[in-house]
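Here you go, one structure.
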Amino acid sequence: MPSLFQLRDRATCKYDLLALGEIMLRLDPGEGRIRCAREFKVWEGGGEYNVARGLRRCFGLKTAVATAFAENEVGRLLEDFILQGGVDTEYVRWTPFDGVGRAVRNGLNFTERGFGVRGAVGIPDRGHSAASQLKPGDFDWDSIFGQSGVRWLHTGGIFAALSDTTPQLVIEAVKKARQHGVIVSYDLNYRPSLWKSIGGKKRAQEVNREIAHYVDVMIGNEEDFTASLGFEVEGADEHLLHIDLSAFKQMIEKAVKTYPNFKVVATTLRAAKTATINDWAAVCWARIQEVSRPGNT
Amino acid sequence: MPSLFQLRDRATCKYDLLALGEIMLRLDPGEGRIRCAREFKVWEGGGEYNVARGLRRCFGLKTAVATAFAENEVGRLLEDFILQGGVDTEYVRWTPFDGVGRAVRNGLNFTERGFGVRGAVGIPDRGHSAASQLKPGDFDWDSIFGQSGVRWLHTGGIFAALSDTTPQLVIEAVKKARQHGVIVSYDLNYRPSLWKSIGGKKRAQEVNREIAHYVDVMIGNEEDFTASLGFEVEGADEHLLHIDLSAFKQMIEKAVKTYPNFKVVATTLRAAKTATINDWAAVCWARIQEVSRPGNT
Amino acid sequence: MPSLFQLRDRATCKYDLLALGEIMLRLDPGEGRIRCAREFKVWEGGGEYNVARGLRRCFGLKTAVATAFAENEVGRLLEDFILQGGVDTEYVRWTPFDGVGRAVRNGLNFTERGFGVRGAVGIPDRGHSAASQLKPGDFDWDSIFGQSGVRWLHTGGIFAALSDTTPQLVIEAVKKARQHGVIVSYDLNYRPSLWKSIGGKKRAQEVNREIAHYVDVMIGNEEDFTASLGFEVEGADEHLLHIDLSAFKQMIEKAVKTYPNFKVVATTLRAAKTATINDWAAVCWARIQEVSRPGNT
Amino acid sequence: MPSLFQLRDRATCKYDLLALGEIMLRLDPGEGRIRCAREFKVWEGGGEYNVARGLRRCFGLKTAVATAFAENEVGRLLEDFILQGGVDTEYVRWTPFDGVGRAVRNGLNFTERGFGVRGAVGIPDRGHSAASQLKPGDFDWDSIFGQSGVRWLHTGGIFAALSDTTPQLVIEAVKKARQHGVIVSYDLNYRPSLWKSIGGKKRAQEVNREIAHYVDVMIGNEEDFTASLGFEVEGADEHLLHIDLSAFKQMIEKAVKTYPNFKVVATTLRAAKTATINDWAAVCWARIQEVSRPGNT
Amino acid sequence: MPSLFQLRDRATCKYDLLALGEIMLRLDPGEGRIRCAREFKVWEGGGEYNVARGLRRCFGLKTAVATAFAENEVGRLLEDFILQGGVDTEYVRWTPFDGVGRAVRNGLNFTERGFGVRGAVGIPDRGHSAASQLKPGDFDWDSIFGQSGVRWLHTGGIFAALSDTTPQLVIEAVKKARQHGVIVSYDLNYRPSLWKSIGGKKRAQEVNREIAHYVDVMIGNEEDFTASLGFEVEGADEHLLHIDLSAFKQMIEKAVKTYPNFKVVATTLRAAKTATINDWAAVCWARIQEVSRPGNT
Amino acid sequence: MPSLFQLRDRATCKYDLLALGEIMLRLDPGEGRIRCAREFKVWEGGGEYNVARGLRRCFGLKTAVATAFAENEVGRLLEDFILQGGVDTEYVRWTPFDGVGRAVRNGLNFTERGFGVRGAVGIPDRGHSAASQLKPGDFDWDSIFGQSGVRWLHTGGIFAALSDTTPQLVIEAVKKARQHGVIVSYDLNYRPSLWKSIGGKKRAQEVNREIAHYVDVMIGNEEDFTASLGFEVEGADEHLLHIDLSAFKQMIEKAVKTYPNFKVVATTLRAAKTATINDWAAVCWARIQEVSRPGNT
């Protein structure tokens, strides 16, 4: 997307992309089910981090992640995974562990595959995580964006829903990014369970609407735009059996008027027929009149 | 130990033993280390529960456990393990899960084996567990001890250290046990990390001293008696390289005078030479003058 | 099906269901084939027991199994699986092992998955099993059905085909069940290999016809009704490529006239297109005029 | 041992050694115990066959095995192992399988490692095996020893203890071997559990004494010579904690007088200190005056 | 195909088929990808050998392989697999290993499964293998075909492409086979990467055209006939999405005129829709007028 | 060792240490043996690289490796391991793969554990590797040492023995290191098999003696100093059963006189009693009069 964005010059930037978010240890029982497992494979995962990892390992870009872990063996295992992922760990903050997991923990996520009529299952166990306790001031954005140099910041609505402090950190980060000419992408990723005990959908909309003013590339499906930003869409398929884009397109039209800073709006769309057979589609809107801007990379 | 205790008649009791405590999911990387694992075997474990499991599977006794889990797949996996252990689950309480692990969780314990000069490692991740939120009133002890019938209650100092409410529950349970003629054993098992944020050693001693008045069989090594009950012992081997029982025996003499209700005091003792070579010993004191009591089972 | 059956009151019954049958150790080579395996996963399984396990773990009912094992480590492994399955083991009989497997054994079942044009394979190794040597008098049905209390007895044609003594035990059990108001279900499950050396189809029909008089819920497909009970059905699809119920329905009409005690007749039906793609259907006939009976649970 | 035996010329023999015995599928739970295994590694094994395999894979000799399997997937898995072992399968007899395991089976052996004070455990499940049903006439020894050519026959007391027919087969084989100039070795390997239901120690001695007259190399420890051949030895260490050869040597003296056909008597000796620490020794007596015989290989 | 070929009498032949080719150790990461594997399953494989193995294990024929390995543990592992495959190893040549893998190696092949849009991947690592260094004179064909006796020789275009010496060995072998009345089959199996550094397609055609004059059964698809033998075919489906045989049939007509020695021309044909869904077909041309030849087996 | 070396200032250096050497994929059959493995665990390894990995993961230093891989999936797997090891990959050179492994490969190393009297085994398969083809000019040392900044270069005698070009590259590197004030350590690590076909011990000594003039920290045992540098030592224990340092110390005295540039000479020493029980020692000589040098870090 060369001409849509005024990406900073690679020569002046240590990283092509910085992801801001939580990384959890994913526990996966393989072919079987969690409730009778005797063995779990482990992986790392996190909506915001996954973007940094994919860009590094599939496309060879230089990426880093800003996050925090409790300083224990589980945190070190997560670091081991991030290293393997090729994502730089210099902005990982290490919080002293209390030896119990009361004050601070590392986030876990138990997941199992669906099969036929049985859906896939995810059991997040991420309360009180070091990442959820991140707050404004924890990262020196001027040093990161200014001195080290970053071309793109990616963060999202899951991280913003982790606590009372992460929304403030996200807002701090996206404002600083804008200041330093760093392109900002944001994945709305609305999760009711995360918002429930910290203000619900009302609070989610307050947070996300403020963040949205600093976003260049907004990612989200119909439900995300509706729940996180308060837009309304008619005729959505509740049962997720068909992919119909017309209503969604209308809503995007509204959104890009409300937020003239959006340069791209995109999402993938899935219609699950069974746990193993899914239809996939993707939609991407781009503010192409901006193509004529001079001076792009 | 037939004549030391007036055990209730087996015919009137559904269970030979009830354990009160937390059960954690144990994650075990096998031969390797947690910090570079890609697979974990899982097991269940918990100091109090392990007694109930061992009595069932090695000695064929009927046992049950009083505990609580968050109602999710991880809790159900723990239930699966308890069933396999042959320990009855009727006194497992199921707490609604919040979908995040902020309000309530199931306790986890990452453990790895030592090797040569490198010690074994345990990383408990048990804060905010359903079991730690158990409180007086959660179990109907009159129904359990009276109607169903239980011959022996086993609980311990780890469970009493989980929160501000578990000490009260332990005290409620041991008092009720005494009332119903149920023998009480208690494993002091002092863990500084657990007490640190809920009152420290001072609070540990308050709690354990109160509980001790209702205990028939007290289990603990020198450190446990010192830290949990405030006894002092001279000449303990800090480096745990030798097993010397004389000082410990003196301390037991003091303890059984302070607590005339103690009928047995016992512990296992380990001197770790390397992570793989350990010397083991065990000591057991019994108030044998009680042998003459009539009417024992 | 609340009003079809006069189920006994749950309050007076220790178990919702008791299964009578054999449980085998299932050896499963996973993705590969038995004939070049170097590792087997193990599970427990048995047509009658599977019903008790499913009701316990999927629906939370209280179930038990009446069976027998040779008293050795393999038998104890089977017990370990049954415990994990949540099925009570109090009616498991333990037969002394001869150290060789000549006089008594535990049943095994090697099974492998089909793939494409290659069908699934099962190699039972169940001769001389402890369960096959069960005989009338081995269980105290009055104590089980009367004192402990059972609401439903499930057994079937596999167990009845194990030896010369198991048919008599089944007949004893279903008669006693009827006496105690216990609903009886029976899965015909005709297996020519089992009957071959103990009287063939002729003996199978003698046995199953006698049992049928005490059955409330009869389970079986066309082949089961034909081979086990001697009914005839026209136009069955030998190659199992299509599911056509009309002929089967006619046969059910005949069967429920012959056996007025049948309250429900049901089965699942599978048409295997390849080893991995199957069409499934199910049919269930119910004697609905019985709905008006008063006093049902 | 070139000059002790008049080994047949290699050029005229298809096989250096033929083993006659049963081969079982060995199921091995690895580090854990059978009674809570969820996975078994499998291997093949059998006292007589192991000699043929070792000579082939460690010393490169040409060997074959005379045995029988039930013709099913388990039998084919055993064949797969024998092929991997490099032992020729042309004298494996395939018995039709009855689909149940009543009439004929393949022998299994569940084994687990000991640990510290817990001894190793083996649970043979070999009753009714195809090998145990082998009988005189099943192999054409004149063709095998005469036409194909075999230099050495190895068999043993386990195979001879499998049934009422295997002793006769062993006697037939060793007589024919002698006739064809084939050296015979025999491993006494006394197992009370095998003999118990087919005549006990009395029958064991009848059988082994007859066989002994045709044996060149007799293998067995003190207990084997005592129980299988009726010799007596004084001062044996019942607890197997020390290896003392003097009594054993005296007994060998007696044996080689009774059986002047013995050219070598040998055994390994183990003193088990714990399940993991054992002392090993070996003893070998040879009738060395035979060295002077001319014409040896 | 009894009457197409004058197969030699089984009674005079030690082997039904001899395969001449390389066998590689196949390293397989299972469900995952090579580039992040931590574990590989291993198998043996090789186009020519696979035919010998299949005939032995699926159809019970007696087969052997003529090949070479470096004498080290990896070579011995390959031998272990060939033994398991039931293929005789007497014509395996063992080349001294240099301890480094500079002068001689054993061929390896890393392979991973495709998934959806991602194709399967194979990474051969077979340069400098012992098999690629085989040359005329390495096998005593008169002894193999004449004295031991072989009914059918199978070799192919992969082996002929391994080096400058293997083509000469193949030509030597097929000529000698013809001399001894051994039927010859040849799988063209054109691989551009193998020919690239030893003469390219031009050299491939020289070699294969010479070999073709001694072949009875020629195996190859359109690309094989075109690239290896220089025939031209019109309208081939480059994208391999459909199977259209008409053009291929025309080309076969031309081929069997050019090479009147061809008695059968055959191939399997695959149209890959995705990495997991493929359409399969097969085509076989036979020179049926030869049916009338007298004296066939 | 702060005052022995004038280490460059950390602030001006991107890396604490750069390792120059080959990294191989290590294939490990676990508990069993290579020759009957069906599964291998994989790891990365290489004498020079291991130092960089250990400093990064155990001591938190910043390290990188200068090496080369063939550009294929196996090379990418090695990269995946290096990333996990936390060692920077910017100086990894990627050589185009020929699709066969004739022109260029990635080095492999099959290794198995010893057991009791059976020694451990390693089967390197590293001929024609990309790393062995590295040559002077392949790395821009002025940019690496000068601009990026490196404090310590570690390389060794295995890498110098890989081919005719790697010695020249090592000499180029150590000279440049000296020029830029980079401390140089060198592990002699003499391997006869590597030198055999490229000039033998004579060439080994030529190469190592030249390199030795630029080394600050020389690592090697008695055999290394003898074979690689031509020093002689008396009374070495050929059977490696005892560790006797006196002769070794005398030889070090000679060596540090010959090479006044050596500041440290060190090695670990192992006396193998069995494959599993080893005595270990270490020896380190330091030129301590240099402690008085001013201006050290």
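Annotations for the structure displayed:
When the chains are written out, they are named A, B, C, D, E and F in that same order, and each has its own residue count from 1.
Quick note on the criterion: contacts are C-beta pairs under 8 Å (C-beta built on N, C-alpha and C of every residue); 3 or more make two chains touch, one makes a residue touch a chain.
What you are looking at is a predicted structure, and each value in this text was computed from that prediction instead of being measured.
Using the contact threshold fixed earlier, the set of chains in contact with both chain A and chain D is empty. In terms of residue-numbered contacts, B-C and D-E present the same interface, as over half of their contact pairs agree; the other options in A-B, D-E or C-D do not.
Look at where the CA atoms of chain C average out and do the same for chain F: the two points lie 67 Å apart. Separating the CA-averaged centres of chain A and chain F is a span of 42 Å. Shared contact sites, meaning residues of chain F that touch two or more other chains, fall at 36, 38, 80, 84. Viewed as a contact network, the protein chains form a single closed ring in which every chain touches exactly two others. Of all the residues in chain F, the ones that touch chain E in their complex are 27, 33-42, 72-74, 76-77, 79-80, 97-103, 105-106, 108, 110, 112, 121, 123-128, 193-194, 196-197. Across the complex, chain D meets chain E through its residues 80, 83-86.
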